[in-house]
């Protein structure tokens, strides 16, 4: 209930803020001089007339650029946003092709145009605010910040804006825009039968989601839940087995009396250094039915026929987790080594005096300390493993498939490798998009739950 | 507080610049006028036609890249009026080529080689220019009927046949396999020698060797646009069950390995594979190299000769917006699939021709692997069009067999699995 | 030393030696395979470990006229260098802004980035491909295109570096500001010189990543073999049936990729350990 209240209050607060903002726009206009009022249409006008040409020109340039983009370019796509295109491809009598509407670009550029419109509104609002402030300062008889000061502040007070401008732009274009695009695709029929430029795709509402969850007929329901379950099981084992065994190896090497500590660590660390597409591809082949491992086991008479490592669903799942130990233990070992040294020696000494043995010390001192310190790290590891594409794909590509699973999914497929296969092999973008959204939901839910349960989510200011 | 605004504006300018950058490439996307009903005049056939200039991108398999380059040079030397075009040949295997072209038709190669199983997908993705009119008659006359059918969707020819050798047969090690005509004997020999028999039974392509042998059926009908309209499937039948049983029996042998790539077969005495691997197979088996048609197998006391697909490699031309370039591409594709070039390609890379005259070439007739394939082709059906989903489904069926799902299944359970398979197959046709 | 302790140590040593063998065995095999003679034993996969004849056939092939291995290697190296430098700059900028400065929307920005990070990267592949294509950065332009893609979203990977900056006392900044230094000067003259370990760590990690990307790189190169990176080119030798007998060549290529990267890693291992440990503690 409490949750609901705060969300309700937030929404109410949002509308209050909107109201206040609209009122401010009105009063700024009413109380504004002609420079301010013209700035309502020509952005930067007031700033220019007041001598702040850096601000004025940039505002003007932005307005011109965005308006040009929206009306000169975006509109032709935006007008088709509702249908995603109507005219298809055709062949001319001389054999050449004429492409019609391209649903892909209609959707992409419509989104871009919508973002451009939002950006324009935001800049317009900032422009009004600048005018109001300038007018206010002048009325008080103060000086406006000079152009030089404006520019200099970009390296000082406003250095954060300078630093973040490019990274934010990059993230907007190459992360935010594509994600919005793919979320939209989840509500269309963009697949191999509706592929631009030759064919159009269009909105289909929630059909793809229904299809993913329905268990009968063509639905992916049972397959989806099988893959989801394995994804969670895999993540669990890949995270915690690696964690405990990695810690064990670290403790083993850290023991007093063990020599060549650095050598042992260096040997283990090889798996981090060698690119995975080399090492994992090779290791995968080693366990093939006719691979090295089986051949030698047969040669030595230990088994009479090859162990179906990669073709039996259960074996392949177990083997993947085991090989992942080979990849993951060194990483945890490195981290644990550093942290173990931070545990005060006298804790162990006093425990020893109390007569505790090694195991008791581990469970009462080492483990609680490690879990406390690395709690959030375990969460990121878990989420990383949910999306651990390389290990799965390089080893099995999700195989073995089965008549019990649809959509080309196999028993070792994670949601993310299934998504990849949907995209690359089947160009079934609509279903891939839905699966992607599901991955997001799973990740978000787990993160939220864990963050609320974990005690050691730290106040970041506390460290400084 | 106020000064922050300036930098937000800077961000805005950058954004605007980027947006404008995207805008630059716009004109190409201008919706074209609908050509329907329009009757543009054909360019008059005059002495000097201006074909324009530009770049033609070709994707072929790695082992014929150099060959294709030299043939293109020969083509432009013979047709100087088309020499305004430069050709780049990239090694992109048949599977990748089709996949890439389907992902982005406009970015794909202008001319590309592919195996026919991709044809329907390519047509429905709009990645092929139809071969019509006189050209259709010409190409149909050149090549054997089955290869022309394989390049046809609905009633329209969409590609230029390159080879008729996309079938499979048996490569084996003479010193191990004594009787290559019986699957049971081959498997027994392999088991005795501790060697492997390789067949990729989790591929929809190799699997049909069993199903078609017992008389089960699986074909599709398509309309002109590459949509599947009807499925003729009889896997859920006694014949289907017999074939599935044969696969299960094979999988139970310790000698069985799933695979069809000579170089990935680590312990190989016999392998079901195609002509493209003949060089590798010779290297692998050395002087014990031998090949033969596929063996027969026995289920419940009945013998069946293995069947399968006889497939074809095709060359396609991507739809073009420029009439001059289209003509050059078509002429070049025609040339690359002509009799002389097919013979030359056989000599360079061992690809068996689809051209009727080229097939009668002495050297082609004398080829060991092609002879084995030729014998096998009598028992196969020419491969038609299959939906992409079929191949994934067949892999699932094969994987189920290999993982032992059906090891102890009775006939009724096998029938149920095949019924499921058949229903799904029928579902792919609208 | 007590008897019990000595037994314990002996067991520990045995376990460590076993672990070392398991960990090194695949690399050992890889090296052996790469030296197998192509002439006498073909280049496919085999089921025995020690080649019957050793030779440099596979390495010779990689550097032969017909093979573009050096080109692919150079592509990857160029990408790795640019990404290493640019990504590190971006991460330092973002970390500095988020760690040392307080501005409106900071929390919001960090939360948005956190949420964005929960979407799987492969989801947007097709969209990124067409975005890059609009900019002309696919196929022939795949190398700069990949650099752009890797660098563009790297701002979201600020966690480790920001965690490091957070541990530096803020009093340093304040003292410098009283002396009249601008924020830019503080970053340039104070923070960066103090952050050598984390900078090396960031550079190392971002240098190593491009060597392994075979998914997006193959999408962007789109069948243009001049633009492949080593991972894209080599994985085809194992997975595509067009390449018969390329397995030993794959091993040789893999060794040539792995050796320099591994050496670099070993050389800078100290910084790597510092980085991951710090990252793990901060989460």
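Descriptive notes on the structure:
To keep things simple, chains are lettered A, B and C as they appear, and every chain counts its residues starting from 1.
Here, contacts are C-beta pairs under 8 Å (C-beta built on N, C-alpha and C of every residue); 3 or more make two chains touch, one makes a residue touch a chain.
Treat the numbers as computed from the prediction; the structure is a model and nothing was measured.
Chain centres were defined as the mean of their Cα atoms; on that basis the chain farthest from chain C turns out to be B. Set side by side, A-B and B-C show the greater C-beta contact count at A-B.
Per-chain CA centroids place chain A at a distance of 18 Å from chain C.
Centroids of chain B and chain C (each the mean of its C-alpha atoms) stand 36 Å apart.
Each of the following residues of chain A touches two or more other chains: 105, 157, 161-162, 166, 168, 173, 288, 290-291, 295, 424. Of all residues in chain C, those that touch two or more other chains are 45, 47, 103, 126, 130, 219.
Among the residues of chain B, those touching two or more other chains are numbered 4, 22, 103, 265-267.
By the touch criterion given at the top, residues 104-105, 108, 152, 155-157, 159-164, 166-168, 170-171, 173-179, 181-182, 249, 252-253, 255, 257-258, 264, 266-279, 281-283, 285-286, 288, 290-292, 294-296, 326, 330-331, 334-335, 337-339, 373-377, 379-380, 383, 387, 389-390, 393, 415-416, 419-420, 423-424, 429, 432-433, 436, 439-440, 443-444, 447, 460, 463-464 of chain A touch chain C in their complex. Chain contact summary for the complex, chain A toward chain B: residues 54-55, 58-59, 61-62, 65-66, 68-69, 72-73, 87, 89-102, 105, 109, 112, 116, 119, 123, 126, 129-130, 133, 145, 149-151, 153-154, 157-158, 161-162, 165-166, 168-169, 172-173, 192-193, 195, 197-199, 217-218, 288-291, 295, 298, 304-306, 308, 311-313, 399-405, 407-408, 410, 424-427.
On the side of chain C, the complex with chain B involves touching residues 42-47, 66, 103, 126, 129-130, 133-136, 138-139, 219, 222-225, 236, 240-247. Within the complex formed with chain A, the chain C residues making contact are 1, 5, 8-9, 12-13, 15-16, 19-20, 22-24, 26-27, 29-30, 45, 47-49, 90, 93-94, 96-97, 101, 103, 106, 109, 113, 115-116, 118-128, 130-131, 148-149, 151-156, 166-167, 169-170, 182-184, 187, 208, 211-212, 214-215, 219, 231, 234-235, 238, 250-251, 254-255, 257-258, 261-262, 265-266, 269, 272-274, 276-277, 279-283. Within the complex formed with chain C, the chain B residues making contact are 4, 21-22, 25, 59, 61-63, 66, 90-97, 100, 103-104, 107-109, 260-267, 276-277, 279-280, 283-284.
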